[in-house]
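Please see the structure below; I have some questions.
Note that the chains take the letters A, B, C and D in the order they are written out, and that residue 1 is the start of every chain.
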Amino acid sequence: MSHPTNHRPAGSNVPVFDNTGKMAAIIIGVTAVVAGSVMGAANPFLSNATSSQGAQIDTLFSLFVGIATAIFIIVQGFLLFSIVRFARAPEDEEDGVPLRGNTKLEVFWTAVPALIVVILSVLSYRVLADIERPHPDQMVVEVTGRQYAWEFYYPDYDLKTAELHIPLGRQVLLKITSADVNHAFWVPQMRIKKDAVGGKITTVNITATAPGVYPIVCAELCGAGHAVMRSQVVVEAEPTFQIWVQAQLGAKQRAAAMPPDPKTLGRQLYNQYGCNACHKLADAAAVGVVGPALDGIGSRAADIVPGQSAEEYIRTAIIRPMDFITPNYPPVMPGDYAQRMSQADLEALVQYLLEQK
Amino acid sequence: MTADTVVGTGLVRHGGRKFSDYLIFNTDHKVIGIQYLVLAFVFFLFGGALAGLIRAQLATPDAQLLTGSSYNVTLTLHGTVMIFLWIIPAFVGAANYVVPLMIGANDMAFPRLNAVSFWLLVPGGLLMLVSFAVGGAESGWTAYPPLSVTTPIGQTLWALALQFIGFSSIFGAINFLVTIFNLRAPGMGLTQMPLLAWAVAATSIIILLGTPVLSGALLMLILQRWLGAQFFTPAGGGNPLLWQNLFWFYSHPAVYIMILPGFGIISEVLPIFARKPIFGYKLIAFSSMAIAVFGFLVWAHHMFTSGMDPFLRVPFMVTSMIIAVPTGVKIFSWLATIWAGKLRFTTSMMFGLAFISMFVIGGLSGIFLASVPIDIHVQDTYFVVAHLHYVLFGGSVMSIFAGLYLWFPKITGRMLDERLGRLHFWLTFMGFNLTFFPQHLAGLQGMPRRVYTYPPELWALNLLSSIGAFLMAIAVLPFLYNALRSLVAGKVAGPNPWRAFGLEWTVSSPPPVHNFPTPPVVEGDPYGYGERPLPGTTGVAAPAPGMAGGE
Amino acid sequence: MSDTTPHLTMQQSAPSATGLDSAKLGMWLFLATEVMLFSAMIAGFLDMRGRSPADAHHVLNIPVTAVNTFVLICSSLTVALSVAAIEQGDQKRLRNFLLLTLLFGGTFLSVQIYEYNVLIGSGELTPWNSLFGAGFFAVTGLHGFHVFIGLIWCVLTIIWTSQGKFSAQNFMRVEIFGLYWHFVDVVWIILFVLIYLV
Amino acid sequence: MKRVDPNKEALQPHHYPGSRTYLLVFAGLAILTLIEVGVAYITSDIRVPILIILSALKALLVILFFMHLRYDSRWYAFIFFGPLVLVIPLIWISLIR
């Protein structure tokens, strides 16, 4: 069957850029500029960061949202207008207007986007240079990422903790590294992120601008426990920060000075090996929620695994965690404690946990 | 022998008439194209099922469906399967079928190498399934060491599978480049070629130069896991960033491998259903080549927060920003193509228009990611997951569906049902936006990538996303039913159901085994709408005054 | 050698849109992928070299490898002469030069394997005990594998020659084999300097 | 050697070098290898650039003459040396510490 000749002199009945087209272009243009500037002034997606670096990133983000909104409206606007205006009448077998190109227009929509992205690059570079500028009296904290926990070391005070405390308004330089696989140190509210890579020190600046407690999240896939590798950064005024440091130092000295009675030694080992990061234990002031709470483990350990005494259960739970996983808890406990812990430490920790009645 | 008989018997044949012709080492590019498309679609369903599991786990913060390692294995294989066994093979299948027809060739330049390329995918796919069953490929599709060195045996199988898939991809690229440049019909110069041929040529250049680098990186990973060579482990002196450099040197161009053929398909769909020539042919062709070359100079924007040399981030930020320009040029040219046209909203056209609309969102979020300070906050978060799905699903997969609805009549000789097509489109479109738009916000508010749980305040966004994922899963059913039913009961399509220009529409549907019984006559580029009559139509009217075909 | 002046090759190729022969174009595209593969491995090797002790490569035996490099260059010569032979239709000389190539290529590979045994046996340099070793065995191992593939291809070409498949009008497949072999030789020329001498 | 116009290569005869050229190139390669080994033993720091230049020279000899790049279409040279441009950033990044 032969097709009806598809060809009729086109171009006669469909003007290319008529009044409705011009009107649509103006409306789209105005909407784009208005919406773009509204969004550019204050974007609804990312605001009130709690660090000075974060505040600059938020303003830059607003500018990007403004320009993106404008371009979004222009493209979607012309697309929707074309769908409505140039839809084919049911029986119309004619071809459209054979427009092959328009050099002026094509140069325009190559040059303008190129100009926009170059400007955005320059603005981004200025923000980047500013947030990564060192500060003369910045405090240094060494951060070590390890499978599924963060450790912080304060060289000024020779203090190691599982939680980051920083003074308000003072720039802190974090020197980040990893003890095993890659991790990423991320404080969402402060817009701070840097990968922790083994054998390499990576740095990032934090200048907190609002007191409070903000989560620290691991942002690089680091194994089974990646989703639960969280800690927190506590921002407090300088005096409160100093009080906290002295309290920590005092506890450390008392623990070191006193003969290591099993209880304090057990408590100290419980924190040193990161058990506190996942297992709640009131006696050791541990708040972790990833694994089961260990309050009163001593009295109930005997009847968890049939045939295993309390002591055997606790010891196997530490050195071979995968042997028994408490129901509806994720199987994410690191399995290398047998190598990481000395025999003496292991025994001291087991005895300490046995006494949790 | 007439042009329409299957040549050869036993395991090596040329031409596909019976079902068994498709299960053996067949050297007909049309059979191989269908083999690629069917294999890719099977893996699309498998990858989609994995995505369903992931979204089911993330529907609530404390679900226990998939936790820890099992979640990581699922997300790793979702990513790997969707990229290497669905999107790339689907484009290669479509291009394998259509490009020789479009340029007037009887087959690809190296038919046997073409069959080898396909049959290399079978061990690759099987090894990938075995690595899933055995478990262990837990380090994401990016497989960053040292994690990817410590994971169980499944990771080695995963790496071996990728080597097979890589070789298949490289041989395919060589085949396409020689076919496109050497086997064009007489009279078809480079500017009379369809834009899909330009896009496939640009894609093949990227595959040709990028894939070997991934192959080298995978070789090192396999040697480290097997022989203990300390390439990437800091303890042994190795450098984890070496893997990231080599991996992203291939994998960023790989995202252009996954979008350029989509650009090509859109440049074919829009003129047909707007009844208008493509606007700015030369600029679109040139921007494809610009993306192919420039795509190799931007890879480190994946490593802005990885501790790479701080100053080097600035040049990579600039190149990553500038590469948005050629893509922007294409989008504006497509808008100009449908402007003042006669738009016919077939399902293929709807997917094409949705491609433009969705890909713009993905492109714009890409500009955010190119800026280093903003990337510091959003790297490795769900903002990136939203970006990559807008360009991969909103872009590549929608263009694959646009291509499938356009060429299904040519491949099978039967039309797909438009009502079911429209149902498939609207379910996919709504499901897709419901799934992935909320993820922009989840990422900004602090949800990292690849986690099986999240803080309770992000529950609403994740629930929305999971509902959308359920909708997308349902959306595939009307397409499956439509395709299977139309194979036997669809309306007979005839050679040119869409009344389109292009040599592939001048032969029967499905085309004879050797494509062109008589050498095709090339009258100009395949976009003569409003300028010259359809080739092969009777009752030729005088061409439009003053424009005798071509520019 | 018989003649000195460049002469005409009457080889016929299928007509193509660009006038280039499809098989040769395909081969050069394949060589582009090999360029990228070895560049990636060399980039990795340089990165590792920078991170391992400076004198790590002193354990390597330079004199033997220098002779080995010469052997590979001889094999490159014999391949070139074999292509020159078949251009004039001399199938016998083609077969002899290909056999010589097989001999030189086999010698090169066995010396390399012998070197590997010495290094790994003595434990001086192994893939697992030093980063330089890992890079060294990866790059030279990959090159050795390519030489091995070349040897198999050479045997096949000899079989096709004795089946009389090649003539002055049709020797593209010998030329393609030549391109591959020369490329493997070029890679060794660069590796020899980067690994042993620098 | 007249450079062959790429578009007429298949139909026109080639001008491949004779055996004598191959022997000359072979001699060149052998001598350069000897020089390289000699240079390797001097300890001044210009040793590395010289070695790189020598190896590049040998590589060019093989590519241009043995692989007939000098006599074939310029497309082949573009296909072979083009990728090297893309390799420079990769090598540069792996050289900086």
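Just so it is clear, a residue touches a chain if its C-beta (ideal position, glycine included) is under 8 Å from a C-beta of that chain, and two chains touch if they have at least 3 such contacts.
Here the structure is a predicted model, which means the values were calculated and not measured.
J.: Average the CA atoms of each chain to get its centre, and name the chain whose centre is farthest from that of chain C.
T.: Farthest from chain C by mean C-alpha position: A.
J.: Taking each chain's centre as its mean C-alpha position, how far apart are chain C and chain D in Å?
T.: Roughly 14 Å, centre to centre.
J.: What is the distance in Å between the mean C-alpha positions of chain A and chain C?
T.: That pair's centroid distance is 49 Å.
J.: Distance-wise, how many Å sit between the C-alpha centres of chain B and chain D, to the nearest whole number?
T.: Whole-Å distance between the two chain centres: 37.
J.: Two or more other chains in contact with one residue: find those residues in chain C.
T.: 16, 18, 20, 25, 29, 32, 36, 39-40, 43-44, 47
J.: Could you say which residues in chain B touch two or more other chains, in rising order?
T.: Each of 209, 213, 237, 239, 242, 245-246, 249 in chain B touches at least two other chains.
J.: Could you list which residues of chain D touch at least two other chains?
T.: 83, 86, 90, 93-94
J.: Considering every pair of chains, which are in touch?
T.: So the chains that touch one another pair up as A-B, B-C, B-D, C-D.
J.: Considering the complex alone, what residue numbers of chain A touch chain B?
T.: 1-11, 14-17, 21, 45-46, 54, 56-57, 60-61, 64, 68, 71-72, 75-76, 78-79, 82-83, 86-88, 92, 94-102, 105-106, 109-110, 113-114, 117-118, 120-121, 124-125, 127-128, 131-132, 180-182, 184, 186, 188-189, 191-195, 197-200, 202, 215, 217-228, 328, 330-332
J.: Going by the contact rule set out above, which residues of chain D touch chain B in the complex?
T.: Contacts found on chain D: 83, 86, 89-90, 93-94, 96.
J.: Would you mind writing out the residues of chain B in touch with chain D in their complex?
T.: 209, 213, 242, 245-246, 249, 293, 296-297, 300, 308-309, 312
J.: Which residues, counting only chain C, touch chain B once they are in their complex?
T.: Its residues touching chain B are 16-18, 20, 22, 25-26, 29-30, 32-34, 36-37, 39-41, 43-44, 47-48, 51-52, 127-128, 130-131, 133-135, 137-138, 142.
J.: Taking the touch rule as given, give the residues of chain B at its contact with chain A in the complex, in rising order.
T.: Against chain A, chain B makes touches at 64, 67-69, 71-72, 138-140, 144, 146-147, 150, 233-235, 237, 239-241, 274-277, 279-283, 305-307, 310, 313-314, 317-318, 321-322, 324-325, 328-329, 331-333, 335-336, 338-345, 353, 356-357, 360-361, 364-365, 367-368, 370-374, 376-377, 379-381, 440-441, 444-446, 448-455, 494, 496, 499, 529-534, 537-541, 543-545, 547, 551.
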